[in-house]
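Could you have a look at this structure, given as structure tokens, before my questions?
First chain written, first letter: the chains are A, B, C and D, and each begins at residue 1.
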Amino acid sequence: MTQPIRVTVWGEYRHELRDENVARIYPDGMHTTIADGIRENLGDRATIRTATLDEPEHGLTEEVLAETDVLTWWGHMAHGEVSDDVVERVHRHVLSGMGLVVLHSGHWSKIFQKLMGTTCTLRWRSEQDRELVWTVNPTHPIARGIPHPIDIPAQEMYGEFFDIPAPDELVFVSSFSGGEVFRSGCTFRRGHGKIFFFSPGDQDYPVYHHPDVRRVIANGVEWSVSDLPERAYPTLLRYDTDEFFHGVDYSQAAPDITPASMTTTAGVTA
Amino acid sequence: MTQPIRVTVWGEYRHELRDENVARIYPDGMHTTIADGIRENLGDRATIRTATLDEPEHGLTEEVLAETDVLTWWGHMAHGEVSDDVVERVHRHVLSGMGLVVLHSGHWSKIFQKLMGTTCTLRWRSEQDRELVWTVNPTHPIARGIPHPIDIPAQEMYGEFFDIPAPDELVFVSSFSGGEVFRSGCTFRRGHGKIFFFSPGDQDYPVYHHPDVRRVIANGVEWSVSDLPERAYPTLLRYDTDEFFHGVDYSQAAPDITPASMTTTAGVTA
Amino acid sequence: MTQPIRVTVWGEYRHELRDENVARIYPDGMHTTIADGIRENLGDRATIRTATLDEPEHGLTEEVLAETDVLTWWGHMAHGEVSDDVVERVHRHVLSGMGLVVLHSGHWSKIFQKLMGTTCTLRWRSEQDRELVWTVNPTHPIARGIPHPIDIPAQEMYGEFFDIPAPDELVFVSSFSGGEVFRSGCTFRRGHGKIFFFSPGDQDYPVYHHPDVRRVIANGVEWSVSDLPERAYPTLLRYDTDEFFHGVDYSQAAPDITPASMTTTAGVTA
Amino acid sequence: MTQPIRVTVWGEYRHELRDENVARIYPDGMHTTIADGIRENLGDRATIRTATLDEPEHGLTEEVLAETDVLTWWGHMAHGEVSDDVVERVHRHVLSGMGLVVLHSGHWSKIFQKLMGTTCTLRWRSEQDRELVWTVNPTHPIARGIPHPIDIPAQEMYGEFFDIPAPDELVFVSSFSGGEVFRSGCTFRRGHGKIFFFSPGDQDYPVYHHPDVRRVIANGVEWSVSDLPERAYPTLLRYDTDEFFHGVDYSQAAPDITPASMTTTAGVTA
């Protein structure tokens, strides 16, 4: 409780180096702006580092993830360049208890698709729509202190059908001036990890400078911290009758079981 | 409505050929017994075929899946031998609208893990526990005509924590004589597909001869039929302002987007 | 399955007799138009009667409810005139397995409040907003055959926060031209009864003549039919050890228990 | 955050004065033991008072409730004696943001029935069953620090079907030595209030002395504290176009609307 939350803000950091308009809005990179917004809201309650696609291992080494309580994810034009090994590593950490906050176009990232099991597709349009973000779950901690609605003057439109599993909790629903709606704030629990998806945010609009958007992201970071004392990957174990607390891992030894996990990326790594 | 449901019952079909005990319980293969149970309950409302691991493409070619309204899945000792290409194909069909009924040890199959996004691990023990299956959602169609509880005299124990996403609907919860509990009947919607997981059933016990278990599986088959008129994979499309019905697929063409789907199996295939 | 669904369409039937504008849109009463819409879609699959506030017992006698598979409810200006006894009776029938489809301003009816346990309040405005109804659960039977979105040219605005429990299933979300959003299609299970709330529809706009709205209501009627073989009110029963199927009702006899139900309307009637 | 949680522990306090066995287990009343358990776990993070049935207004005056962040409720033999006015008052405070933790036989209290909208009935037997409480949602704050399972050597059996709405979050599922199962830890959000139901606990067994049970109740108290800055009853308001933040209450003034709330207890009190 008294330890600050260790946050890693991950950014693709490509548009900012290539597109003049984006560089003007986010001169130090979107990840820096997102990190500033979290810092602004959480102060001493968080320590924040950033990582980007073009660092070795995208800046997401085993060491970095082991020291990360909550990872935030923004990517857009280069989802396909994220290495499958790193995706596997992030996935394992989330299922073991690392929090994950997925932002905007991160909906189409490999890690979000892998955690959701669906395509995570949607309808879109980038034509300066006004987005209004309405709270439908006012007692949720992520909605704490958020105006109803949040008013974002110009935004990319994201509309339904959004191909995700029904969220565990629906917190925000957005409308756009073109008439579309979107489930813009959703929580999911996967394994021992808590996941928050929040759709406002784009490289072409100054959304990550919006104080309410920053507040929501900071709330999402706080909410997604695990209550488990340590990271633990869910494991298949055999328990004797009357023995509830100490299980045995026979899955590797058993001569007649080849678990899916032994040949696919979904399983336990050695 | 008047067309019969086209069901494909998939079975691993290895234990039956190798283990005397299993061969005695399921002399024609577990898939045959499962198919019989569906036929017994649905009669003319279903046409049923079977497919097994050692057939070419595991019997699950594009043609077979295209003609399958609901696929049932039982596997155990050879999850790892199921080809990733076939898993990909089944995943695409489920997201496009094919129903999927996952049985017992199928919890650890590649396809279930891929759809859930989690490890799908649990606790287990095969020591002749008695399993009682209680209905917690009595208005659910899958519970229609099912005694409360179902009494299974001898069974493998599957216990919590079962690492799955919170189900959309929890229909059954089981207890075991050793004291464990398990969320044994769960529904999920993914993409345009409906998924039912039902845990009773094992190669070492005659569970698929149990009339109530057969009835649940048949109910699950009926429930998981899609209401969509045709199979459709969810796709990312751009919609102009005031144009709600005709979207355009820019994802392949856009010079500045490399979607995750272009390099991973989660995406749209050409 | 082959028996037609017995539907009772309940209408307040006051605006139509008092307000010229409403009488022009619904010359035979809104209940008649709603009934026509169900008939148009279900044909022989339903037999439909209507009942209105000013009939004796509001037309909802014990006999009528006992012969009703699904009740639809529209009220607005006279919620307070609905007798508590009739509300109690409808509540008991819903918990015993009668389906209920609550329409538009029925959100503020006594019966809906009683089933939800909340205020069921919302924000509103009647200024000719355009309402677009988007499907967020495309595999739900209530969404079958419904365009995405439904386009309603002029409507009363209903906006969030809508004070209801989180729905079991969220099927539709609406936007309004003023920018508000609303969870406009929601399902709930209560006791042995299935409930569908659908918000489009108003006395001042011809919404119940809209073919897509009529289709949704008809789908909702079909969905909310119980799968239970007969109506049964959930009851508190004692079960001996090893006796799972025959319980005993000690609640009335026990000298040391005064159940809430003995003095309130929520309990078992003799 | 730094303010301690103001908890009111409500107890029926009748069995303890009448039944020798209960008096022996809970010599100072069950409410005192429950309060001790919360104090033991939350320490300075909570200030705790108690209230009982036979105090004026059951100890739950407007003043007490206004100063209560979380109310815990245990009742059994005298549910029917709780005044409807007090139930109404508690209901209003819960919908306005007061947390509520309902314990064991409180499942059949008027306040829980009113909030759920259902009968809240179940199956039961008091024959020294062993209860095992399993965590099915390990990332939920209420499960923090709780062993998996909690082992309660002797308990009253509560079994399914438990007639409640599907919980927002299912945290615990119990088994009993007789083979029954029960959804023993459930959360619900109603209005602006958070509700936690936890079934272990009985007058005839020393369950409220069990350290793990005490920990769960304390966790539940912490979880159910509202994040809203002040208590606010959800209200029906009209909003002009382009006016999102200031609504007007026309419900009392409008000549053509008699809201349900004007004649029933569910509505806004003046």
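Methods note: a contact is a pair of C-beta atoms (placed from the backbone, for glycine too) under 8 Å apart; a residue touches a chain by one contact, two chains touch by 3 or more.
Just so it is clear, the structure is predicted and the values come from calculations on it, not from any experiment.
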Superposition rotation for subunit C onto subunit D, Cα-based, multiple of 5°: 180
Separation of mean Cα positions, subunit D and subunit C [Å, integer]: 28
Whole-Å gap between the CA centroids of subunit B and subunit C: 33
Centre distance in Å when subunit B and subunit D are each reduced to the mean of their C-alpha atoms: 38
Sequence positions of subunit A contacting 2 or more other chains: 132, 137-138, 148-149, 159, 161, 166, 168-169, 179-180, 189, 244
Pairwise touch network: line, ring, star, complete, or other: complete
Touch list for subunit B against partner subunit C, complex: 97, 132, 137-141, 143-145, 147-149, 151, 168-169, 189, 192-194, 226-228, 244-245
Complex contact set, residues of subunit C against subunit A: 130, 132, 134-138, 148-149, 159-162, 166, 169-170, 173-177, 179-181, 183
Touching residues on subunit B, where the partner in the complex is subunit A: 15, 76-82, 84, 95, 108-110, 113-119, 121-125, 127, 129, 157, 159, 161, 163, 165-166, 168, 178-180, 188-191, 233-242, 244, 247, 256-264, 266-268
